[in-house]
Amino acid sequence: MENIKIKHVIESILFAFADPISAKDIRSVIGEEINVKDVVEAIEELRSEYNENKRGIQILKIEEKYQMCTNKDYEEYVKKMLEPKKKKSLTQATLETLTIIAYKQPITKVEIEEIRGVKCDKAISTLVENDLIKEAGRLNKIGKPILYKTTDEFLKVFGLDTIKALPDIETFEEKIEA
Amino acid sequence: MGYNISLKAYEGPLDLLYDLIVKNKIDIYDISISQITDQYISYMKEMEKMDLEIASEFVIMASKLLEMKSKYLLFKKTEEDEIDPREELIERLIVYKKFKNASQFLRNRQDEGSGVFFRKREEFFQEEKIDLTNLSVDMLINFLPSLLKEKQVKDDTFPRIYKVQTISLEDQINYVRFRINKEGKLSFKELIKSEDKEEIIVTFLSLLELIKTKEIVINQDTFFSDILIKRAE
Amino acid sequence: MENIKIKHVIESILFAFADPISAKDIRSVIGEEINVKDVVEAIEELRSEYNENKRGIQILKIEEKYQMCTNKDYEEYVKKMLEPKKKKSLTQATLETLTIIAYKQPITKVEIEEIRGVKCDKAISTLVENDLIKEAGRLNKIGKPILYKTTDEFLKVFGLDTIKALPDIETFEEKIEA
């Protein structure tokens, strides 16, 4: 595969994957014909292109993993756009995330995001910081996503003896249909 | 002319009539009203025989067909400048046919997929801390609709959201081997991380493979009880 | 603001917003100093840059709204990384109802039922839930029946730029093959 194409394939992978991904995982998607070194080189080229031109998108490098994000220079605009649309305050968004984890544990971030329809990194880190959820191993998939579950602190804060004391979701379903 | 209708489920009386026309290769503009009426009625009789509930729409259409049939006999006899009683039905069937065919176009289009992938919206927060003092289960219940909505979406929706690739058998064998070597013994439930059917199946297959290679032994007390897995000595 | 900066601010907005957004909404975020025409020009420039260079990211235009997505050319790679969920298509009844709305919009439930010859309540609620159709006001008739029309999501799912891209209904006199 020509160099320029590798770069653009990587661009589409970083865009769609949205979470941090390693050069090794990217290479496993592109195929055997290129090696990890080529992938790293292509990513670094792509990174500097985005970086030097002060582009709206940047590629972050976090512990040997790469992730696309917006340029911090334009934060004021991005913020202005996302805030008025966002009806839920922090407490709401975080509580919603917590509810999903409580009922669906163990669950990965991506699965939570599928339910909520938005990225949940911040909500999850807040919940971890407040000791309401914790990591429960990793799933053996690309990116080795972390599984989350609720903590004993969660039970304490919500006054539950056990996680089974949560109201049954099925009985709730009938209630809202009635 | 003979007819052969399997008792398939029709979307409605028009769907049934259209299917009869297609099956009998009848020219839609020149329907034999008595033939089609007979076939329609016998389909309904079949349904009755099989104790199937017949929707009111089907009954209404049956009476319309019978009415049309008698009017048509009169129309043929007198041959006066009246409107052909079949006309309204023919028009409805033609319109229905066009939309039915167009829906097939959309179906094909949907199956092909658009080939492009999207992202989820980025999140932005102002505050950092949660107040942990006044929390109650009732507050969590407020968010259950989003969980239930997810269930509905899964029941009837498009493959618009893509999930990360699932586990391969090889990976799962390695994982089970790793856990067994580390922990010596554990139960099947402890190996399963999610409710995902695929994960359960792949994990089970891994066990079978590891039994074959004599790396593990398993034990199950009763049917459907949890399986205990031990490292083979 | 200089032209190049506008382009990059827009790039970060399109990336972060992720859903379709109009030039008007983008302009309201950037501020009064530029007009909608400038925004449209900048987006179009950005679009052709991404397009001409076969970049991994593309900008879709759906009914005057813009949205970032991956390049179709690299579908095989992105797909390998993100495995599609079990394909669940719409039932025939729901699809027929959707087709009628797509061609006859805005249309009331009663009009759809006249064409299909059966009740369509269930199909309509499924379509609304899946964001494929939405209400478009009410008819000034007895009962003030609700009018329905298709959404941008509908266009996106079926890969249409605009509702006018649907083939003429008259071409469907003949049955098409599955």
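First chain written, first letter: the chains are A, B and C, and each begins at residue 1.
We take it that a contact is a pair of C-beta atoms (placed from the backbone, for glycine too) under 8 Å apart; a residue touches a chain by one contact, two chains touch by 3 or more.
Chains and their UniProt names: A, C = Segregation and condensation protein B; B = Segregation and condensation protein A.
Since the structure is predicted, the reported quantities are computational estimates derived from the model, not experimental observations.
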Worksheet item: Which chain's mean C-alpha position is the greatest distance from chain B's?
Response: A
Discussion item. If I rank A-B and B-C by number of C-beta contact pairs, which comes first?
Written reply: B-C
Discussion item. Measuring centre to centre with CA averages, how many angstrom lie between chain B and chain C?
Written reply: 24
Worksheet item: If you average the Cα atoms of chain A and of chain B to get two centres, how far apart are those centres in Å?
Response: 30
Worksheet, complete the sentence: Going by residue number, chain B touches two or more other chains at 117-122, 161-166
Worksheet entry | For chain A, residues contacting two or more additional chains | 12, 15-16, 70, 78, 82, 142
Worksheet item: What part of chain A is in contact with chain C in the complex they form?
Response: 5, 7-17, 25, 29-30, 53-57, 68, 70-71, 74, 77-78, 80-82, 142
Response to the item:
Listed in rising order, the residues of chain C that touch chain B in the complex are 15-19, 58, 60, 67-72, 75, 78-96, 98-100, 102-103, 115-119, 126, 129-130, 156-159, 166-167, 169-170, 172-178
Worksheet item: Contact residues on chain B for chain A in the complex?
Response: 117-132, 135-137, 139-148, 150, 161-167, 171-172, 175, 193-195
Discussion item. Quick check on the complex: what are the chain B residues that touch chain C?
Written reply: 11-15, 22, 55, 57, 61, 92, 94-122, 149, 152-166
